[in-house]
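I have a structure I would like to understand better, so I am pasting it below and will then ask my questions one at a time.
Which chain is which? They are A, B, C, D, E, F, G and H, in the order written, and residues in each are numbered from 1.
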Amino acid sequence: MTDETESGFAELDLDRAQRRGYPEAVLCHGKTPGQVGAIAATLREHGARTLFTRATPEHARAVRTELPDAFYADDCGLLAWPPQPPQPVGGQVLVVAAGTADHAVAREALLTARHLGRPAELIMDVGVAGLHRVLAKQEALRAARVIVVVAGMDGALPAVVAGLVAAPVVAVPTSTGYGAAFGGLAALLGMLNSCAPGVGVVNIDNGYGAGHLAAQIAAPA
Amino acid sequence: MTDETESGFAELDLDRAQRRGYPEAVLCHGKTPGQVGAIAATLREHGARTLFTRATPEHARAVRTELPDAFYADDCGLLAWPPQPPQPVGGQVLVVAAGTADHAVAREALLTARHLGRPAELIMDVGVAGLHRVLAKQEALRAARVIVVVAGMDGALPAVVAGLVAAPVVAVPTSTGYGAAFGGLAALLGMLNSCAPGVGVVNIDNGYGAGHLAAQIAAPA
Amino acid sequence: MTDETESGFAELDLDRAQRRGYPEAVLCHGKTPGQVGAIAATLREHGARTLFTRATPEHARAVRTELPDAFYADDCGLLAWPPQPPQPVGGQVLVVAAGTADHAVAREALLTARHLGRPAELIMDVGVAGLHRVLAKQEALRAARVIVVVAGMDGALPAVVAGLVAAPVVAVPTSTGYGAAFGGLAALLGMLNSCAPGVGVVNIDNGYGAGHLAAQIAAPA
Amino acid sequence: MTDETESGFAELDLDRAQRRGYPEAVLCHGKTPGQVGAIAATLREHGARTLFTRATPEHARAVRTELPDAFYADDCGLLAWPPQPPQPVGGQVLVVAAGTADHAVAREALLTARHLGRPAELIMDVGVAGLHRVLAKQEALRAARVIVVVAGMDGALPAVVAGLVAAPVVAVPTSTGYGAAFGGLAALLGMLNSCAPGVGVVNIDNGYGAGHLAAQIAAPA
Amino acid sequence: MTDETESGFAELDLDRAQRRGYPEAVLCHGKTPGQVGAIAATLREHGARTLFTRATPEHARAVRTELPDAFYADDCGLLAWPPQPPQPVGGQVLVVAAGTADHAVAREALLTARHLGRPAELIMDVGVAGLHRVLAKQEALRAARVIVVVAGMDGALPAVVAGLVAAPVVAVPTSTGYGAAFGGLAALLGMLNSCAPGVGVVNIDNGYGAGHLAAQIAAPA
Amino acid sequence: MTDETESGFAELDLDRAQRRGYPEAVLCHGKTPGQVGAIAATLREHGARTLFTRATPEHARAVRTELPDAFYADDCGLLAWPPQPPQPVGGQVLVVAAGTADHAVAREALLTARHLGRPAELIMDVGVAGLHRVLAKQEALRAARVIVVVAGMDGALPAVVAGLVAAPVVAVPTSTGYGAAFGGLAALLGMLNSCAPGVGVVNIDNGYGAGHLAAQIAAPA
Amino acid sequence: MTDETESGFAELDLDRAQRRGYPEAVLCHGKTPGQVGAIAATLREHGARTLFTRATPEHARAVRTELPDAFYADDCGLLAWPPQPPQPVGGQVLVVAAGTADHAVAREALLTARHLGRPAELIMDVGVAGLHRVLAKQEALRAARVIVVVAGMDGALPAVVAGLVAAPVVAVPTSTGYGAAFGGLAALLGMLNSCAPGVGVVNIDNGYGAGHLAAQIAAPA
Amino acid sequence: MTDETESGFAELDLDRAQRRGYPEAVLCHGKTPGQVGAIAATLREHGARTLFTRATPEHARAVRTELPDAFYADDCGLLAWPPQPPQPVGGQVLVVAAGTADHAVAREALLTARHLGRPAELIMDVGVAGLHRVLAKQEALRAARVIVVVAGMDGALPAVVAGLVAAPVVAVPTSTGYGAAFGGLAALLGMLNSCAPGVGVVNIDNGYGAGHLAAQIAAPA
């Protein structure tokens, strides 16, 4: 019995780069390595710049079978092809993270912004439990065109950062923590209720989305 | 000590086909392979057309020990016996899915509709992030008697589809996504609040339920 | 200071009737009587058949200033213009409600189905606490092309009805109840988890959506 | 470094049988096999009738090292010592379950009631999707002093049963189901909002608690 | 235009008393005074003993227009007709409440048990913040056949009471409290997780349901 | 018909002052003015120092009918009798609040601490959106024995304060805010997940509880 | 008795304009008119440009007593002083709203962006139920530097808009809708899970926050 | 390609001991063993007293590679370096736990208090289901300067303890339980709604936070 009618399972949005000005990204989470590998094969044919996010090592192997020179950052699950980011243009994207446990998400935001063509830097471990740490970085904070703030637990850092600068803040709640952190819900709600204006929130652990939004905000005029 | 008093653990609803006009289905999730195998043995005796849903390979082995010719779609965990669907009658069931990660649920809906006797087709990868994809399928959408729309994350596709057609839409939220997707809750709420009328929602990941409801809607007069 | 730039606040979807085959509806909830009245004035100019849902008496007055002959069912807040429903065509829509407190929502579904052109009837007070009541209505249930089931509290009625018939069931949870009914959430979850297949769920208290979906399901071939 | 000050980690409530009239029970879930084994050793010294609930095979081995003749029902994780239930006295406890996936919880309730000294029986597979099944058991239902109803998914069965009998109903929601079942929350809310009075609800999957409560309700005068 | 097809909106379950052994009750919450009055008129014709729960003074006036001698307890919204409870038979129902704010719910339980034919008494203000209060009532607690425990806020009282007695406990969470009491949710969850077995829980503020269940438990053999 | 059996509805915990060392408090929320007045009358007979919390003007009138010299702080609903707080002893209680909308809750904490015998002061408007404000108060923060921090919205202030001092922090989430503040839930979760240790949380808007706990912490040795 | 120790209840963050480059805003919700009026008086002394958000007519009266020429947009509760926005500089802010019920929130975003110095325009009624409406506005969408998308119910519009343009999108969920809209929660979750990247989300109904963030994104280089 | 710009991933807050008077703690949960080992190496260089919490055996191995004499309590995942706690000063910290399943969290609180310099003791198994157990410990309870109460399930113990003593209570909800315990949410809500004042709550399973707060409360004057 042939029980399939559709021709192919993944109709890629290949003109997205032209329509939106940014490359396609493939969320590997929820897809099998086989599905991801098939998408990589299609991309190779079209030569389109692409990111693969939340890629496990199995996903990475499947992609690299098709795109052997793809860059894989195993600390955050990001695959990029072609491996080199474009020459950076536009304003500075600064990623700041509250703690070491937020490192992977912060890295995903950093690399996304770079592969979308922005100059981007990362500052770690400036959580509000020791305010002197973030206060010591005010010069860097004020120099950025946009700041991505990554934090879990109480999610208090974006409000503190937003209160110090004129630039917009992209807040990324992380699932860091336990118990009443409820998988990032506490941080998410904290960020949505930031007592300082100028904070836009993305999904829990969504470093890719934050890096993408920051790249758009810092785009050259 | 004999500590059992009941005669058998599964009293099947064997006259359901007669009462409702559709075959029985056995949800394997939550049952042991042994329990499922025993049900299959009973069915074999009665010769009743049956679907087994959410069957793991272990469940499938147990069923096929009793019903060796049962059809098993391992991409969506559906077992069908007898293996061939009946000759299709009634209106066209069209299943559309937002992304590759929704493939398994969409397949479960598709196969269910076919095994319940409807002509059914599947269109993949028409998520709203690239509207041109769904707009390109309007002819197929308008030709269907009922459309099953499968989507996770923001669950926005059913509202868009319902706004384009006269046919009823059966919406299936999926657990695709992470973080504030909350296992499909975001998609579920989005679909329940569809700004376009004409959308009936089934449980998260319930491709079987959607295919069944669609088959009832598209039943011949 | 003139601080407005947009020309008009409500761009109506006037070709919806042509595109979808069903008239426009205006959800009055969340709109001021002034806004609703202005919409009514626009509709009068175009002569388009329209429903206004969740209309308070203030909304109704504003509409009738523009459309004096509009029909207003004050027990469920529905306004219809023109006041007479079209000649019924298609299959029978049967609305059944668990209890008296579900009457308004059931009426909204009933009138919506009629004003969208279907023959429709209503059966009240068949909650599962007294099973004999719903069992006594099996003949009517089996004669319907589609059944809208309205229930609050435990939301158990749709599963019971769906288990008795071949027709599809549109389930409407209501906010009837208190405490752990959580404004209809308990009924909503119960219906989404119906142990009988063939149930599509709409939003809490959404009689309009249920009537609309039922009218589409029962549409003439 | 000796960093412990407490003498023993588990101060058992050994006079509970005298104070409440029912034996102690040890919830194994959340305890290590070592902790459970130590409790069993203490019990052996005191000779107190005891149940161990939610015991994994590892827990069971640890208990049987101390109490070799303990009875272990591996289908529901209940250990009983002494292995034989007492001679039954009091009214009839009837356990009814909606589906096969509820079997383990129903068995826990059944065995608990028996080991607490009541005559108890079990009826399986009477879910509301096929009403004729529960209606066929009305004689047994009406003969019971108390009925334990075990159901997952929509949790509709207790309301239906309570509407048929004069006896009190103890309702046990189960974590059966998926998606919007939310681990038993849907069934729990459904049961708390039962449209028929006479239903007392225990925790999700708490067969032990239901069997205990039923035994108290059916206690001899 | 006649837009109604149903003959009457409330089909009463008048043989419930015969089938279940307990009188019908009408939940006034969610019904209009007119609807409740019409039900009262029907009851008068049939002479059936009935309770009306959650009746506002407006509901009460509508009922008394039809049943002038109905008893109305305005502190808990209960109407009873005929006004006198039957001669008490069966075991003792004891209602205990944690605090003054739980008084209305406790009263509803007390009066329900009495009007369903049980001897019933009430003890107020024995919350666990002052343990000596509940400890001082142990004699009364131990004399009861069943105990209804009414508490809001932390909902800790049922576990404490259940740990002191052999009788079953019916727990009623109340919406007393504020903030993280979440309208009774905290008390509800506390009671469902009672560390003492022997507790069956009813809906938040559902004194009627608790009194009814207690009356069934304490029914004469 | 006399349908009451209990002698009095409110059995006060009058020896609480002796047992716990702190006076009784009466939560007026959820009680009628009549009930509160009757409690006040009983207190007058016993001469026990008492606080009434969340008292509306109607509650206040009822109390003052019995205790005419009671102090009523209408900005936070606290009644105290006798009106003068005792001579302060013990460590300094410092209450700090994030914003003007938190004023009432902060005042309730302040007055409670004073009426329980502690020296207490209040600092307003030091929310983290302008960090310089809280940094300017470090001297006062470091001088306190315990700090009560009152904040709504993101609830970020307690973590910041706790990171600056050695003293314990009592955090009070407030229902300030809207939308995803969810009535104080966001602030509550933020405080429970404080990335700085040393924070104990009380219920949303529970200024009384915070003041009481602070008074216990700052009690003289 | 003087029981106050703090000097003033509202320590304004008057150097915020200098530190962040944007004027202060006062959230009136949760403050009394008296408190808001006192803040207005302080502002008058300092001459600082200020917005008052969520101001009721009573708040507005209190502000205008101190600042008689303040501009009050009563359709969205915004007060601005001085009344004229500054000369617009920077990129274009485009506000689009799904439906008429989102008008107030959209207006708050529009006016905020203008009073923070940006050119800003508003497009209404482009909900996804009629896709042709938003598709007809593509030219305007593509011309904007940043787009604020305001939508309730399913919150699907931001994903659709973000998929069409290169500019960043600021998404504002609104509390429009009923039932399972859960006060904007459904829209919020939908927006956080947008299947198109480039969406930053603010709090439910937070038009001010969206307008502020948009003004920062569109700030001149 | 070098894709890292930051110098080091963990900027430790090494002057915290000086600023707050308590040593730093490293939450291992969410960090890799490599990250934790690198932190341990940095600490060794600075010689700062440190706790590592929620350390798995893998984390412990990584720490002990750098700090070979570190103390590891494998029953609660706490690492301490230097291994010996300081000489105890200040008031008595008493940790009491409801059941054996709460042992690990109670131990974490106990050891934290000791390593922060307080005399601390532990009492196990005093859950409220057998009140005589906690009542038998009243002398020890009354002798403590602060009491940490650890409980899961219904979370009722802190209210009972707080009602017996003058000392402040630090309540720790645990994730003990199943079903409607919702991972500790039920206990958390119960504790936040304690009907006895004097209870400060920390995060679910946060023994470290409770021990830290208790050490601050019991600090010497």
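Throughout what follows, a contact is a pair of C-beta atoms (placed from the backbone, for glycine too) under 8 Å apart; a residue touches a chain by one contact, two chains touch by 3 or more.
In this text, all values refer to a predicted model and were calculated from it rather than measured experimentally.
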item	value
Repeated interface matching B-D, over half of the contact pairs identical, chosen among A-B, F-H or C-D	A-B
For subunit B paired with subunit H, centre-to-centre distance based on mean C-alpha positions, whole Å	48
Centroid distance [mean C-alpha coordinates] between subunit C and subunit A, Å	43
Where subunit B and subunit C are represented by their mean Cα positions, the distance between them in whole Å	26
Two or more partner chains touched - positions in subunit G	19, 129-130, 163-164, 177, 179-181, 185, 188, 192-193, 203-204
Contact pairs between chains, per stated definition	A-B, A-F, A-G, A-H, B-C, B-D, B-G, C-D, C-E, C-G, D-E, D-H, E-F, E-H, F-G, F-H
Touch list for subunit C against partner subunit G, complex	1, 3-6, 8-13, 15-16, 19, 27, 29-31, 35, 39, 54, 173, 175, 183-185, 188, 203-206
Subunit E-facing residues of subunit D, complex	19-22, 25, 91, 146, 163-168, 170, 188, 192-193, 197-204, 208-209, 212-213, 216-217, 219, 221
Subunit A-facing residues of subunit F, complex	98-99, 127-131, 135, 153-156, 159-160, 162-164, 177, 179-182, 185-187, 189-196
Contact footprint of subunit H on subunit A as seen in their complex	71, 73, 83-84, 100-101, 103, 111, 114, 121-126, 129-130, 132-133, 152, 176-181
